[in-house]
Amino acid sequence: MIVVKNLVKRFGLKTVLRGVDFQVEPGEFVALLGSNGTGKTTFLRILASLSRPTGGNVRIAGCRLPAQAEAVRSRLGFVSHQPLLYGDLTTEENLYFYGRMYAIPNIEQRISEVLDMLGLDFHRRDLVRTLSRGMQQRLSIGRAVLHDPQVLLFDEPYTGLDQNASVMLDKMLSRVAARGRAVVITSHDLIHIEDLATRYDILGRGLIVASSTREKLGRGSLLTFYRQAFQGA
Amino acid sequence: MSFQEITPDTSVYMIAGFTVFFGMMAIYLVSLFFRWRILKRKLELLKNMEKRKNS
Amino acid sequence: METRPFGLRILDAVTVLLLIAATCMVFFYAPREAAMGEVQRLFYFHVAAAWVGMLGFVAAGAAGIVYLHTQHIIWDIIESAAVEISLVFFFIAILLGSIWARPIWNAWWTWDPRLTTAAILELIYIAYMMLRQGIEDPDRRARFGAVYTLVGVLSIPITFLSIRLFRTIHPVVIGTASEAARGMFGMTPPMKQTFFFCFFIFTVIFADLFWNRILLGNLSKKIDQLRYRLM
Amino acid sequence: MKRDPSPTTLRSQLTAFFRVIASIIWKDLTVELRSRELLTAMLVFALLVVLIFNFALELDVKNRTGVTPGILWVTFTFAGTLGLNRSMAIEKDRGCLDGLLLVPVDRSAIYFGKFISNLAFMVIVEIIILPVYSALYNVNLFHPGLLLVILLGSIGYMAIGTLLAAMSVQTRTRDVLLPILLFPVVVPVLVAAVKSSGGFLQGSELAEILPWLNLLIAYDVIFIAIALMLFDYIVEE
């Protein structure tokens, strides 16, 4: 679903990504781990077609970036650590706005479905700026899955959430991932990620330094794996 | 046009004009020179740091 | 690029010699203009400085287009060098124009289309500098700089046109309206020779400064690179 | 250009294009209807400018007709930057601009959407200011020619203003920078708009006003085209 070969990204003089190879199959849930400033966000923004790669190949759902960016965008949902929602619109209006731009048929019905799934049905007519951070984050997921994308990208979705909201988010994530989608999530919060993801890739200094699956690692050993990866690098 | 017969004395303005021209040129050149020197000094400093780092 | 190349050193020397020659020519070869007196000698440098400003303006626009096309940082360095030189020389041209205008038109400033357009262009350049100052990321700085240069380059001809139209519909010229006073004096052959010589010299000055300024930009880029490597 | 794997016809691309434009306009108007931040600020500011001019210029009956177009355009220009800054800040604050950029449509649709809603806000302010001004100073401003000039001038102003506001909102100095970037490049719009407004108000012949109208139209066309070409470079990393 996602095929990245030798991806390089430079910002002026800074080389953020120096030849990343990365692949995700449909149904896979990949956690991209790494400390701050290793290029996780940049990497996701390139996959989301928000940033142009300096070099290398990126293919998403068979379409090349950046040449076929529009085709990629229609097959992709992106949740940033900012909610990308309008504070002065209601929950429903925000979804309606994005739904119309994505040309979703039967928008009203689809919005109800999504709001049901998110457990936000009750807040349908609330202004987004009155919602809590956790609810905004959930709605932001709703915005990303509205057009039923094949690829979902999450950038640090746990930032700024309290315990309850995180648990709620876990539920949402496993629910949206369960439909044969390819999911990539970045985080430095290993605890939540461990149970959710099926594969862990570790990004360090602009390269994937280690990769392993949940089956291989076994429960509770992600932290050790993570530490070893950085010592090796 | 009365002043077309008698050439007015405008040499003060001429001198002022050329002073301004050469003054401005000098200021710009000096600014270029100083920027150049500051950058060179920084470069030296960085090169030394690099050497120390490598050795 | 720590030392300036040999060719540039020679060009520097030649430029200085030529500028001295031009100055001598303006003072001793060109005759005194009868209607305006000595101050008319400013005319040669005034027009030539404006010419250098124009060269810089065109160079900046061209570099902006090439930058957006190739996204190579060298074109950004060239563009900002051209803007800076153009800024300095238009400023000189405006000052000389004002000093020339004072005894002739009895006013430091006239809202003449060329003069006003040059002043607006200066403001665009200052805005350009401020824009660049406000952006950290070098790529974005270069991109925005190029975009704004292009917007400026396209708006300036229209500005000139609109101000000229403004003047023709309202033919109120400040000061006397005689032909001589408007600067349209007949040039004698020595005047013409001096005029074209200055044009040529200032083109050389432009080339020399441009080259120097590009090297400066390059050096600064190199230092940023080195500093980044050391971090 | 490579074709998409699912070949889309020009027509469906066009409908997508216009749907995005319409959605953005709908969204901006809904947000504004609810918060009323932008229009209130623009209107109050515009009224204050008109008021200040009254004292600054001592607008007696004799002076009025001569300076009216100037006052109107200074007011619109200043109120316009206020609106532009706010309208772009809304997109930048919660990262909404990224949300718009993720939509599968050509980026020029986003430019057009923002341009048209900015233009709508400016026109709304103008529609309110004009009668207020004519009541306060007893000048009749309801001349169809004048309205046309105001529309053309606002189009030119907002065409380039939307582009530059998208740029200035991404810099450190943000709202301070916009007027500095914008004013020197909209000089032709202001000159032409003031001149042609004055022409219509004083009942000049059309032949005298026509060059100014042509200039306005030329500026509008050129700068909408430029903005369309350059918008991509401003929003993309």
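Letters A, B, C and D name the chains as they come in the text, with residue numbers starting at 1 for each one.
Here, a contact is a pair of C-beta atoms (placed from the backbone, for glycine too) under 8 Å apart; a residue touches a chain by one contact, two chains touch by 3 or more.
Every value quoted in this text rests on a predicted model; they were computed, and no experiment measured them.
Interface comparison, A-C versus C-D: the pair with the greater number of contacting C-beta pairs is C-D. Closest chain to the protein centre (all Cα atoms averaged), using per-chain Cα means: D. Taking each chain's centre as the mean of its C-alpha atoms, chain A lies 54 Å from chain B.
Measuring from the averaged C-alpha position of chain A to that of chain C gives a distance of 51 Å. Measuring from the averaged C-alpha position of chain C to that of chain D gives a distance of 32 Å. Computed from the mean C-alpha positions, the centre of chain B lies at a distance of 41 Å from the centre of chain D. Touching of two or more other chains is recorded for residues 237 of chain D.
Applying the touch definition to every pair of chains gives A-C, A-D, B-C, C-D.
Across the complex, chain C meets chain D through its residues 68, 120-121, 123-124, 126-127, 130-131, 133-136, 139-140, 143-144, 146-148, 150-152, 154-155, 158-159, 161-163, 165-166, 169.
Within the complex formed with chain A, the residues of chain C that make contact are 73, 137-139, 221, 224-225, 228. Every residue of chain D that touches chain A in the complex is listed here, in rising order: 1-2, 4-6, 16, 19-20, 22-24, 26-27, 30-31, 34-35, 90, 93-96, 98-106, 236-237. Within the complex formed with chain D, the residues of chain A that make contact are 45, 48-52, 62-64, 67-68, 70-74, 76, 78, 80, 82-89, 93, 97-98, 100-103, 127, 143.
If you check the complex, the residues on chain D that touch chain C are 160, 163-164, 167-168, 170-173, 177, 180-181, 183-188, 191-192, 195, 208, 211-212, 215, 218-219, 222-223, 226, 230, 233-234, 237.
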